[in-house]
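Please read the structure below before turning to the comments.
Going by the order they are written in, the chains are A, B, C, D and E; count residues from 1 in each one.
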Amino acid sequence: MNINFWLFLPEFTIAGLALIVLGLDLFLPQERKHWLAYLGTAGILVVIGLSFTLVDDTEKLYGGLFLVDDYALFFKVFVLILGAAMMLFSVDYVKKHLRYPGEYYGIVLFSVLAMMFMTAAGELLTAYISLELLTFSLYVLASYARDSPKSAEGGMKYILIGAFSSALLLYGLSLIYGTLGTTTYEGIATVLSSGDELQKAFLAGLVLVVVGLGFKITAVPFHMWAPDVYEGAPTPVTAYLAVASKVASFALLLRLFGTAFLPALDQWQGMVAGLSAATMTLGNFVAIAQKNIKRMLAYSSIGQAGVLLLGIAALSELGSNGLIFHLVGYSATNFAAFVSVIVYFNLTGKEDIEDFAGLAERSPFLALALTVSLFSLAGLPFFAGFATKFYLFTGVAKEGLIWLVALAIVNSAISLYYYLMVIKQMYLRPAPDNDNGRLKIPPLQVGILSALLLVIFWVGIYPAPILNLIEKATSFLYL
Amino acid sequence: MSPVEAFFYVLGVISLVGALGVVLSRNIVHAALFLLLALLTIAGLYIVLFSEFLALVQVLIYGGAIIVVILFALMLTRTRETPVRLNNNQRPLALVAGIGAFAVLTAVILVNKWPNTVEEIEPVPFRPVAEALFTTWAVPFEVASVLLLVALIGAIVIARPGGEEE
Amino acid sequence: MSTPLGMEWTFLAPAVCLGAFAVLALFGRYLPGKGSLLSVAAIGFGFVLFWLILPDVLGSETPNLFSRTWFESGDTRLSLGMAIDELSLVMVGIVTAVAFMVQVYSVGYMRGEPRMDWYWAVHSLFAASMLGLVLADNLLLLYITWELVGICSYLLIGFYYERRSAAEAAKKAFVTTRIGDVGFFIAILLLFKETGTFDISTILGSVAAGEISQGMLTLIASLIFLGAMGKSAQFPLHVWLPDAMEGPAPVSALIHAATMVAAGVYLVGRMYPIFLAGSGALVFVVIIGSITALLAGTLALVQNDIKRVLAYSTISQLGFMMISLGAFGFTAALFHLLTHAFFKALLFMGAGSISHATGTNDIREMGGLGRRMPVTTITFMIAAGALAGFPALSGFWSKDEILNVALDHRGAWLYVIVLIAAFLSVLYMTRLVSKVFFGPLREGSRHVHESPSVMIIPMALLAIPAAGAGFLALDYTVAYGGFGTFLFSGESQPFDYSVLTTTLSMIVLLAGMGAYLLWRRSIQRVAAEPQRALGRIYTQIYRLLDNKYYIDEAYQWAIDKGVLVFSAGVALFDRLVVNNTGVDGVGKSAVLTSLTLRLHQTGQVANYVLVILVSTTILILIVAFS
Amino acid sequence: MIPLEHVLILSAALFCIGLFGVLSKRNAVVILMSIELMLNAVNINFIAFAVYFKPIDLASSPYTGIIFAIFIIIVSAAEVGLALAIVLRLYRNRASVNVDEINLMKW
Amino acid sequence: MALKEYVLLIIFLVPRGAALLVVATPRDQRYLIKLIAAVAGVVTLALSIAVFIQYDYGAGGFQFEKEYEWLKGLGINFHVGVDGISTPMVLLTGIVMATGVFISWNIDTRTKDFFVLFLVLVTGVLGTFISLDLFFLFFFYELAVLPMYLLIGVWGSTRKEYGALKLVLYLVASSALVWIAILVLYVKADMGTFDITVLSQPEAQGRFAEAFQRTIFPLFLIGFGVLAGLWPFHTWSPDGHVAAPTAVSMLHAGVLMKLGAYGIIRVGMTLLPEGAQDWAIPFIIFATINVVYGAFSAMAQRDLKYVIGYSSVSHMGYVLMGFATLKVTGVNGAVLQMFSHGVMTALFFALVGVVYDRAHTRDISIFQGLAKRMGMTAAFFTLAGLTSLGLPGLSGFISELLVFIGTFQSYPIVGIFGIIGAAITAVYILRLLARVFFGPLDGRWDKLPDSSKLETASMGALGVAIIFVGVYPLPFIRMIESAVKTIPGIT
């Protein structure tokens, strides 16, 4: 086998970077550990730069296990950016609340590596093991706040349910392997499109795969771990869980369902549509009653997962473009929301919705950032959320799933209610008398937030360039 | 029924007994030992299925490593306040759900037409498996190694003493 | 005949007044005399213009003037057009003459009042609108000006808006007439629906051609009459007019006696062919007219406010006109309108002059003013005589005409009704005159002296037509064959002299005056002893009249207990049902759903796993075995 | 030869016993043990499929199932290690490893 | 001229640019901020007048068109243009915006935030009126709702949190229906475009079968209707008005509610003519209820703003009534009523704002005789009131007349109710005037100053617009008709 190892350049570099970070950690004094985050970020930027050497390279390595194409490249750059952002907005939080920063950043880098493999996997085992790597990293990160009982509780719930659901996933994979005799996406697609009647065991396996992956993307009814874990985890990790993990999982899902399982579309479309409907409705409704902002955002991102699932349910060119487009907008938006919460938490140590009272006076910028991101999450125009949802919904509607789109739109409207509850606190309520000084936001956080807001506005107002990239990426799906 | 087949059924029954022991035993340490039993008989089943290599791995990793870790953990977390209730209060529901799942899976297995079955199963040779593992499956292999690294670091970071409220 | 000015220039009269309004509204406060001069000049111009175009109109066959598209929509064309025919001509004459006199009179009467720029502006607007009303060749313009005179009336009644009563009276006037206007407006739109035009002559053409069904015409005519009832204060919409006396006296003279309130009569006259075609409506007209005439006549008997007496008298006289119209007496009605305009305006001006001098409107505080204010007294007496039907004075002619048509077309019952009403008018006028001008001079009236000449000259001038306008009924020349051959609907109605009527009306006149004397001499003495049966009856009747038959109370009750309660009910429904239940209920139920739903998240790993397992099993069942 | 279905049913039975354990146990360590049972059941599946089927393409050589099983064992080992570390941490924080007592976060 | 081609873009960009400028201005530079807003307002007004004058209604159709590709994948273009319906609406927006800025001159709490949001609101409104692509129409439609929450919640009064929340949620929820309907149209037409001008062509129309239109039209009707105050979905409106600060009430009742009506005609009736036909009778019944119900509700109110709020509900009923006639004249009247009511109600709210600003209450029952001290305010209030009750010579008369003519052509009974509604309006308006402004002056209001010069000028501008339309409606009607008669299904 002749392998061009240059094609692994990004992965190798990131792995090396992670090891360097872990190594340097041994030598850096405690107060300089945050340099590792900057190092990691810089490294990621370099890797992004390097990635561009791979533009338009299309290869199937190891008999289709590892795919090099623009789809993978798009998502690699995407997750790299997410990883870099995550490290940057973790810095202050890690300094204040967490021990062992070196390992933290190292594991973040490993998780980025895992996500890169997920986007490139062309085979079930590869996909599975990358997914596990990601999940493991997240288990660790979610339990990272050693002093916090909530963190450990979240970690425990996460790993137990995670292990359980990967057992289900594996059982499903075994059934698929058993009925089709192959695990590569290409092979699966070939067998499925041969026109034979689909086997019961395959269908059962398919369901189990959906369940296993549904767990990762917090699809209802496999979502129940999410609120607890999100609430318990250190907030930057929550953001990461809600965004990066979902992006990578959807990258995987989309490739899997858009290539391997595409011929069996009729069998799973209804199921995915049903899950999508349940996910967005439940997530949105339960979010209304939340008091903790992290938990509220957790439910909100469950709701968003339902919206994202629309793209899988209505798998088509427009649908998958819409899915990725929405992922882009969603990532920036949700990151912005979480970063605002992190910044506020760093400054005040509070994270209940009521604690945000008077933020508009105390820090107009922070209030604006949070407002913009919440409005964007609600799918209001001018912000990313509207454009991306509109695109996605149009794609889904075109596939004939009007009822689902209608439900999604109604859900967007409902979601506005609980977002407004936060905005109400920030703008309409005065800050408590004993705690109403102006807040000084560190410049780094201002920078991150501004960048995220820019992306939100950019996607919302002039998304054509991004969509061009997305269209190029999705052309590698067998649609 | 050939001896091999008989062996299979015997082992199967023992593994089931072991498994049931895990979930039914009233003593945690006993449960762990039942697990060991189940895992070892499953290794035996692998041999019946001509996968000696895997049987080896099973015994080494499960029998050697995992059970030990579990026993350690049990010791470290043993609480003095007895009597210990091992089952939660949704047990009847769990039973129904478990049986239901089993019924559905069995139905799937029985209804399904399994294609391409070989006439006679053959032993799985070591060498090609090893070769495949390091060539075709190099990518997952590398990922798995990173995964172990992450698990290691994670376990150390999380379990290392200190930080809890004393 | 050479004509000094073509009648197409008539439009200048309202146009100049409208221009004056615009100037006054914007810059009035900067003009000398707060703009009085401009306003008077504008209407004076109109009065002159009337005489200038008069020959042309008399000599012309076609009553067409000018018409200009205002706007178009779809195939609907709305034009602003004017036409002058005999009817309009008469009205223009009345309006310009009375308005001119009243405005001049105002200069004296209103001296020293605040906001006079506003007063003059509204007067000009009124003149413009009223002229527009009588000249309009289409219903739309007619309606517009109809509303505009209404609003001018509103604004002028409320001129002393700091008085609560004035503010309320203004509101009452507008709202009450508005009720009638609803009918009128509906009628206009129905006519438009039937004929596709607002043009009056076209509409009347189609009516004549029988293009509209009988029932529809009756309906439309009734609706039009509803409008007229509001404007002309016919029962039961008459309640606003007495209250409207809160306005300054010149306003009452002009708007609430001579011109605007007569617009209802004019309207019916203008649309008379429709009434004739849908003749059921005329019965309605005659009944309403009769009720009004009698009812207002009785009410005028007990009023102590001089202007209110005159107001009820106006209502009653308008009732006469309506009776006449309802009895096919088009000419008689319009003739009475003409004479009434003069003598009633004069009466109000006199009343204004008196209250200007005495500082009160209450006739119980007056008395013996005859010697102190000779000109006022004489002119007032002339007008009162005209109203009462004193021979040769204008009212004598017109009232007899009404009696004649009532007898001819509706029979003796109506004749009797009119006679009774006439008797009542003699009675209350006698009461008024004797209380105000005769008897001893009151303590508070020692300083009283005659009003300034800027007031009494217009009065004197107006007294001429008030006395002599009746002679217009007679034919003098071949060209002018009397009022009845000049202004008629259908066929000409030359002056109809009836000995019976004249005799009876003379008897009524004398009886009325005699009755008053009787009243003063004996009945009041009877009334002073309420323990006797006769006294009790008298007191009760008096109370009934004094409370205006409780009509206002009935309205108040209907508004308070009906409209307001209904609207409060609607508002409450809106709050409780639509909003709190419908809207907030949805919101609350969403929150409730959320509070319930979130309980599924128990925090127990085992539950979470169970849910996953059960749903997985179900999904497998569905997907694999469906 | 043992019928494939028998192997599969055996694995299904093991799987469901594991499931039942996960659903009904309080102790986190016992739950982990049950999960191990489930993973072993999956392994039996993979191996059975690997040996019973003819290969159909190169990448999925007959050994795919075997390889899969090897990886699953690796992962489960790592999982147990990590999970126990978390359980230990939890025990230190909360003095309990009974998952039904650990519900600070709910609703 | 080149500039002429871009005038719509410029109009649309002026408030947006101004918003950015204000964002860049330091918070404490209050005067500068107001100045920027004022300049933006005046420029927008001037440009909208220019568009109004330049629009050639002889030629009709869409003018000043510009089209830029935005998203090729979905066929979304940024396509702007105005026709005879949108041109008056743009003018209306210009007028209300400019006056709104001046009326808000006293806002000194969080001035910057206020004007940013205000300008965003205007951007949304203008964007909706000039967009010819359903996507952008909807985009700006929602954008216009968005700032309302904060504008009301922060600067409002009387149950502001409730009012703001209800308003925004209600409107966004209703726009969900619109969104759904838009997507359905897109899919059904299957032409890969959201462009209204394309979707109204026979090719697309051929694909909208009657049954389909009948199903989808109610989505537009209710979705947009909520914003237009359609009964029984109107309750957000009075509450929202009451809670909102003056300028926002002005824009809101004056322009924002028109967006709903505009949506009904521009999208619903244009693209689904047969659907409109089928729903005409329920539509007109609801509109009639609007008129009468709104008027009666207004009569029972004690808060000045509630009166005006419910009167808006009532008056918007005439707009809907006019639409439902499906007659050229009726629809003309409805569109003119949108303009007329916009100006009138803006004036009303400005006046209530002036009174509230000084008296700090809006309770009708405790006012008495304000005219003595606030002559200008009283005069303008009378003017607005007279417009509201349909006095000839003022704009309301013309529009209502046209609506009635249209209604009488098809549904005389409804027309009668409409006229009765106008009479009821007269009752409550005059009661209000008599109560609040006339009668003896209550001592506690002895010190109230009259409206300031700036306020008077703003109100004067609105008054001029009212009278202009009332006296010389010809250009408006010609313009509106040039567009209305091209709408299929309107006879």
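Following the convention adopted for this analysis, a contact is a pair of C-beta atoms (placed from the backbone, for glycine too) under 8 Å apart; a residue touches a chain by one contact, two chains touch by 3 or more.
None of these values were measured; they are calculated from a predicted model.
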Fill in the blank from the handout: chain B and chain C share contacts with A, D
Problem - Taking each chain's C-alpha mean as its centre, the one farthest from chain E - result: B
Exercise for the section: Could you compare the number of C-beta pairs in contact for A-D with that for A-B and name the larger? Expected result: A-D
Handout entry: Chain closest to the middle, measuring from C-alpha centroids that were averaged per chain
Key = E
Fill in the blank from the handout: By Cα centroid distance, the chain farthest from chain D is C
Exercise for the section: Provide the C-alpha centroid distance between chain A and chain E, rounded to the nearest whole angstrom. Expected result: 42
Handout entry: Separation of mean Cα positions, chain E and chain C [Å, integer]
Key = 37
Problem - Distance from the mean Cα position of chain D to that of chain B, given in whole angstrom - result: 6
Exercise for the section: Using mean C-alpha positions as chain centres, tell me how far chain A is from chain C in Å, no decimals. Expected result: 78
Fill in the blank from the handout: The positions of chain A in contact with two or more other chains are 62-63, 65, 125, 129, 132, 136, 139-140, 143, 146-147, 155-157, 160, 164, 175, 178, 181, 200, 204, 227-228, 289, 414, 417
Exercise for the section: Could you check chain B for residues that touch two or more other chains and list them? Expected result: 88, 90, 93-94, 97-98, 101, 104-105, 108-109, 114, 116, 136-137, 140, 144, 147, 151, 154, 156, 158, 164-165
Practice task
Would you pick out the residues of chain C that each touch at least 2 other chains?
Solution key: 587, 598, 601, 603-607, 609-610, 613, 616, 620, 624-625
Handout entry: Full enumeration of touching chain pairs
Key = A-B, A-C, A-D, A-E, B-C, B-D, C-D, C-E
Practice task
Quick one: which bits of chain D touch chain C in the complex? Just the residue numbers, please.
Solution key: 19, 22-26, 31, 99-100, 102-107
Exercise for the section: Spell out the residues on chain C that touch chain A in their complex, using ranges where they run on. Expected result: 587, 590-591, 593-595, 597-598, 600-601, 603, 605, 607-609, 611-612, 615-616, 619-620, 622-625
Handout entry: Of chain B, residues touching chain D in the complex
Key = 4-5, 8-9, 12, 15-16, 19-20, 22-23, 28, 31-32, 35, 38-39, 42, 45-46, 48-51, 53-54, 57-58, 61-62, 65-66, 69-70, 72-74, 76-77, 79, 84-91, 93-95, 97-99, 101-102, 105-106, 109-110, 114, 116-122, 124, 128-129, 132-133, 136-137, 140, 144, 147-148, 151-152, 154-156, 158-159, 161, 164-165
Fill in the blank from the handout: chain A residues touching chain E in their complex are 318, 321, 360, 364, 375, 378, 380-382, 386, 390-391, 393-394, 397-398, 400, 402, 405-406, 409-410, 412-414, 416-417, 420, 423-424, 427-428, 462-464, 467, 471
Problem - chain C-facing residues of chain E, complex - result: 166, 169-170, 232, 234-236, 239, 293, 296-297, 299-301, 310, 327-329, 332-333, 369, 371-372, 386, 389, 391-393, 397-398, 401-402, 404-405, 408-409, 412, 415-416, 419-420, 422-423, 426-428, 430-431, 433-434, 437-441, 473-474, 477-478, 481, 485
